[in-house]
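Chain IDs A, B, C and D follow the sequence of writing; residue 1 opens each chain.
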Amino acid sequence: MNVLTVEGLDVGTADLQLVSDVSFTLVAGERVGLIGESGSGKSLTALAMLGLLPDGVRAQGSVRLAGIDHDLVGAPERRMAALRGDAMTMVFQEPMSALNPSMRVGDQVAEVMLLHGTQADRRAARAAAVEVLDSVHLPDPERLARAYPHQLSGGQRQRVMIAIALANGPSVLLADEPTTALDVTVQAQVLDLILSGVAERDAALLFITHDLAVVATVCERVLVMYGGRIVESGPVKEVFTNPHHPYTQGLLAASDMAGTGGRLRTIPGSVPAAGRFPDGCVFRTRCPNAADDCTVAPAWTESDGGGYACHHPVAAPEVPVLQVRERAVPDLPGRRPPPSSRSGTCSAPTAAGARRCGSRGHRCTRWAACRSTSRPGSGSGWSVSPGPASRR
Amino acid sequence: MTRTPAALVVGGAIVGIVVAAALLSFVWTPYDAVQVDPGTRLAPPGFAHWLGTDTFGRDVVSQLLVGARTTLFVGVVAVGLAGVVGTPIGILAAMGPPWLGELVMRTNDLVLAFPALLLAIMFGAVYGPSTLTAMVAIGIATVPSFARLARGGALQVLATEYVLAARSAGRPRTAIAVRHVLPNIAGLLLVQASVSFAIAVLAEAALSFLGFGTRPPTPSWGRMLQEAQQFLYLKPELALWPGLAIAIAVLGFNLLGDGLRDRFDPRLADRR
Amino acid sequence: MVLQLVRRTAVFAVSLVVASVVAFAFMSVLPGDPARVALGVNATEEAVAATRAAFGTDRPLVVQYLDWVGGLPVGDFGRSYVTAVDIGPQIVDRLLVTTWLVLSGMAVALVVAVPLGVLAAMRHRSAGGTVISAFSQVGVAVPSFLAGILLVTVFAVRLGWLPSGGWVPPAQDPVEFLRRLVLPALALGLVQGAVLTRYIRSAVLDVLREDYLRTARSKGLTPGRALVRHGLRNAAIPVVTVLGLQLATLLVGAVVVERVFVIPGLGSLLLDGVANRDLLLVQGVVIVIVLAVLVVNFLVDVAYTVLDPRLRRAT
Amino acid sequence: MTRSLLRPGVLLLAGVLLVAGCSAGSTASPGAAPGSPDAPLRIGLTAEPANLDFTRTDGAAIPEALLVNVYEGLVQLDQGTGEIEPALAESWTVSPDGLVYDFTLREGVTFSNGEAFTADDVKFSIERVRSDAWTVSLKSGMGVVSGVEVVSPTHARVTLSQPSNSWLHRMTTRIGAMFDPSGVDDLANTPVGTGPYTVSEFRRGDALVLARRDDYWGEKPAIARVDLQYFDDATAAVNALLTDGIDVIGTGAGPRGARAVRGDPRFQVIEGTTNGEVTLAMNNAAGPTSDPRVRRAIAMAIDHEAVLNTAWAGRGTLIDTMVPPTDPWYQPLPDVTPYDPAAARALLAEAGTPAPSLRMRIANLPYAVASAQVVQSQLREVGIDAQIEPLEFPARWLEDVFRNADYDLSIVSHVEPRDIRTFGDPSYYWRYDNPEVQRLLADSEAGTQEQQITDLQQVGRLIAEDAAADWLFLLPNLIVADTDVQGLPQNRIGESLDLTALSRG
């Protein structure tokens, strides 16, 4: 069952179109990646869904959330406020600045529960906040609840943010590059928390990132955005092994997953400024396959549970661009994967362990190499390593 | 998104007009601004006297023009003094040993505790009220703003890599101060100058109003206002003109400061 | 923290001592011998000498200074050579009046500036925000004495709603006290309010861009409630500095406004002291004003640590 | 959304306005209160006394408030006729040689501290003026007294060292005030006199409150309480009058008070004369003005009528020498130094200083600042460059100009009665040293009344011909008051603002 349906979402200012005709759905418990370079409209799409667009930026189209009897686009602020933090929540990129510096951490967590009536009174909310903080594995949550954000590390703060986002059991969690700003050693733990959190609540996750490796590990489906449009979508395995859109191919090639041996390939040119994307196919100015007919916007081509929008799709490679192999992950008791399930040198999920790990060597910084991610209950996960095709 | 042009253009235009009026007054005014003419006392605005005359029969337009000169003079000397004294002190505080910086900043705080008006009244009490005492008092009271700004700016510049490189290359401190620090904080200082100018204009007006500023008969907007106060019942517009002149000049310098700030500190572009 | 406090207090004390030396030195430079001034034109040399001895102005300056400064902590500002009145109680009386004036001016400024500044920030793209910004720009440019003159002319002289000036202590007649406070408070407060509006607008604009405000909204707070619950306290931190500076400005602005409204405050005491060449009095008033400014600065520092937990010691 | 945020602010603002508005309505009563008989009569004045001790502090503000009202002398001036009339002395006789004055004192007079007034107090008070206790310059008026004798409790005899026609008149000024020996400890704050009023409160920077004495010996004044309210600024005083903050503006507000109430039936304007000669003092001993030709040139360069019209709205009287029209020896001298810029230029050229540069160090008082600008402008016409330098009055002006004579030109109003005599004192700040004038002044003291008049008229002419100073105009007695206030003095010829005749009708 779809918990979230986005249809024909346009976002723009009075004279600039920033996101065009974005449509996708999320199923309960599903984890979907939204990838693309900076400036491709990923964050705007998420903010539009939550109704948190900056001043002067407006959305059109339709965003429906299961159990909500109105369209989220254009809904009055009061109604949006009622479901933000409750049915749909979001974790932002910058944990350092996302928390109010002059308010105790516990109060910030408690607030979201008080606000939506999850907890009856302040006292109960405070108690619940400590519990939630405990559930995101923060040490000494009692004491931490009384701390101010500046007394916490970045990873701890992001845990607090996750606690806030999960406190009311949302049906949709939007995660906007939640680990980018963190030390690489902490990234894995935070990601774990998000995954186990959504899994527990059977919430749908829209994971925004430009890190393809994370998507490959975490997500089941992926949406590729460029120039404010979804240019390709489909199961991660399909899209990553057999990209149709030249942009997706470029992204994969440029991704550091694509190998350490050869020269890193990049997509020629750079992302144009907002509103400077060309007519027709938005990618044609940077596309190696561009031809005259690209001045006409390409139609959506369905393929393998997804699709793409391109006049000149990439031919299926003889050898997969990436080797994506399914790897069995043992079912884990509790929320925390036991150390034994992890590969590489990162044996302990604690911050201290991570720090130790980080100090041992750079191998750990390539987190795809030193970790695996569990999705409790499903017993499957993705691990990525460079395939031979990437060395051309 | 940025409104830089508006503030800069409007502020610059107003300041330009004030400066032009002051310069014009050196070569031409409709009438002698200080010549008393009992025959034309309190004349209404008209063809002969565009804005009328005051109780001494002096032409209001002429007085406003010469008043602009007084205002600018006070501002230039006060702000100039503050800039010339405050900037090197600030840079010195940033470049010198830590105790010097500390000493300078504490002295700064102390000077800040003597507001301009208080200083001017004290100066006026000792040396007699005059434009000079007003200027010097306002100038001294403005030194800390410049010193503080210069120190902050200099500390930032000194932390940049090219200055570190220059220092490690053994360039003398003064050269670094002149070649690297000063040019880089010049924009901020200009902003401060503009804002301080606005404050100086207000302070001069208040002092002249209290009788601690410009001496008669030298036209000054504050003094005109004080004299016009006697005629509020009869000719309220006499108070209007100098009041407007003060307000417009202050507005101009403030806008100019805002505009310059947007220019030199893009981070703040959307703030004001 | 304790060390910090000790250091701060030490700086405060040293500042005060230096300020007292400056104030004393300044007045010693004044031309004119208080004894001669007090005795008038035709005084004999013997009378002058006797009076000098009575005033204590025949002693070395250092002794005079120490004598004066030694009395300050216990409120002994000496006895005026001119009015033959103890200065301390006089300053206290006047300070009380000026404090009322400054605080009410501050209240007016806050009442005007907080909503307007916040509104201007929240609507900074709309016409309403622009209009507020423009008005605050113009307001900043109006000298408070001009505002005072205009207010008196319109509300006292033309409309006759309120008294044109004067002072009635609150204990004597609270209603009349308020009536007389309104116009001067407005004259002081409106102009400062305009200044404050700009700072609040700027501070709120900064806060509105903060990620934590977006976080607050993502929790389900409306923009207004998010700003009130998460923004204002943080916006208050830079504004408090301005408030501190403004208190000093108001204190001095009161000098002019007291003149316009005939209010027997510290400012008019200072001006009278200067006119009468009452050195001890001027000295006393100056040191009190400086002390007030220093105290306000000190309080601003304290307010900082209350408002911004980052400046506090770890809990 | 933003609206909810704004509501508290808007409400608060509305609340403040509401309080203001409510109180504006509810306290119309204090405004109406002056109608009741016990309400204080509020008189606005512009020069606040620094203290209440006129024995040690110069200036006109203290006697203005206290003389006649709080302190009384043996004799006083009739405000209408200028005649000397009995006060604490019921009557007096003068010996034929003019040296011995016998005063018969009124009985049943008490000081405000309860002490009885007797001849002992007369002796104490007069001798005190001659002691170091008095320091003001006017004390010199008592210099002719050689002794005071207590004949009986009601009979005091004063002996002069030489005949003095002016002494009795001077006894109407502050030096004639009668003190009680036990009441002089704190004159600066607690005056003790025999007058109909006592000082009940002195709120510095605000008001001097006078309360009627129930045990006053004479006819009690109609007004029980008078508040003398002091304004730094005349405009503020006028505002207060217009808004019923005060009932009367005494002199000092100048023409602007009269101008503000013109045609308003709520107010009356009283215009008369005073003793206040607005004098352009010229340093007779130093600088370019020590040359009589330069002084005469200055006097002839000034269009006095224009000065009066411009600086004081034409209110006031033109005088040609140091004599107001209310003195018996008044005489117009229009031809001595007529307005004649050409002649002025010629005189300057003759003196060898065609373009002198002069320091005009004036009192920073409204009439002086206004006059100075006109004078400066007119002097410029004949080539004289006069730099105006306002000095705080009284302190700075007294110090620099009056005591040290460190000036070329100065402007101040001389309000002491019969101050033409100052030209006989070479140390006075005019630094005018003319033996002929000094001789005439001495003669005027001894001779008959007629002799006194002719002598002083001659002095008046001499100082005008010498241009020992220039007399710009005589300040008017301009009083603006609520229409129902009666008994305001037409002229101000003494030092006091006489409150005893005031009433409300």
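In this section, a contact is a pair of C-beta atoms (placed from the backbone, for glycine too) under 8 Å apart; a residue touches a chain by one contact, two chains touch by 3 or more.
This is a predicted model, so every value here is computed, not measured.
Peer 1: If you walk touching chains, what's the least steps from chain A to chain B?
Peer 2: 2
Peer 1: Which chains are shared contacts of chain A and chain D?
Peer 2: The shared contacts of chain A and chain D, listed by label, come to C.
Peer 1: C-D versus B-D: which has more C-beta pairs touching?
Peer 2: Contact tally favours C-D.
Peer 1: Which chain has its Cα centroid closest to the overall Cα centroid?
Peer 2: Of all chains shown, the one whose C-alpha centroid lies nearest the global centroid is C.
Peer 1: Measuring between Cα centroids, what's the chain most distant from chain A?
Peer 2: D
Peer 1: If you average the Cα atoms of chain B and of chain D to get two centres, how far apart are those centres in Å?
Peer 2: Distance between chain centres: 42 Å.
Peer 1: Just the number, please: Cα centre separation of chain C and chain D in whole Å.
Peer 2: 37
Peer 1: Express in whole angstrom the distance between the two chain centres, defined as the mean CA positions of chain B and chain C.
Peer 2: Chain B and chain C have C-alpha centres separated by 22 Å.
Peer 1: Distance-wise, how many Å sit between the C-alpha centres of chain A and chain C, to the nearest whole number?
Peer 2: Here the centre of chain C sits 54 Å away from the centre of chain A.
Peer 1: Give me the residue numbers in chain D that touch at least two other chains, ranges are fine.
Peer 2: In chain D, 1, 233, 392, 396 touch at least two other chains.
Peer 1: Quick check: what residues of chain A touch more than one other chain, meaning two or more?
Peer 2: 77 - these are the residues of chain A that touch more than one other chain.
Peer 1: Spell out, as numbers or ranges, the residues of chain B touching 2 or more other chains.
Peer 2: 125, 229, 232-233, in rising order.
Peer 1: I'd like to see which chains touch which, written out pair by pair.
Peer 2: A-C, B-C, B-D, C-D
Peer 1: Help me check something: in the complex, which residues belonging to chain A touch chain C?
Peer 2: Against chain C, chain A makes touches at 50, 52, 55-56, 77-78, 81-86, 89-90, 92, 94, 97-103, 111-112, 115-116, 146-148, 150-151, 161, 164-165.
Peer 1: Report the residues of chain D in contact with chain C in the complex, numbered from low to high.
Peer 2: Checking each residue of chain D against chain C gives 1-6, 8-10, 12-13, 16, 19-20, 23-24, 26-27, 30, 48, 50-51, 53, 56-58, 132, 135-137, 139-140, 186, 188-189, 203-206, 229, 231-233, 236, 239-240, 242-243, 245, 392-396, 398-400, 402-403.
Peer 1: Mind listing the chain C positions that touch chain A in their complex?
Peer 2: These residues of chain C touch chain A: 125, 210-212, 214-223, 229-230, 233-234, 237, 307-310, 314-315.
Peer 1: State the interface residues of chain C toward chain B in the complex, per the touch definition above.
Peer 2: 11, 14-15, 18-19, 22, 26-27, 29-31, 124, 133, 137-138, 140-146, 149, 153, 157, 198, 201-202, 205-206, 248-249, 251-253, 255-256, 259, 270-271, 274, 277, 282, 286, 289-290, 293-294, 297
Peer 1: Taking the complex as given, what residues does chain D use to touch chain B?
Peer 2: 233-235, 238, 256, 259-260, 303, 306, 309-310, 364, 366, 369-370, 372-374, 376-378, 380, 388-392, 396
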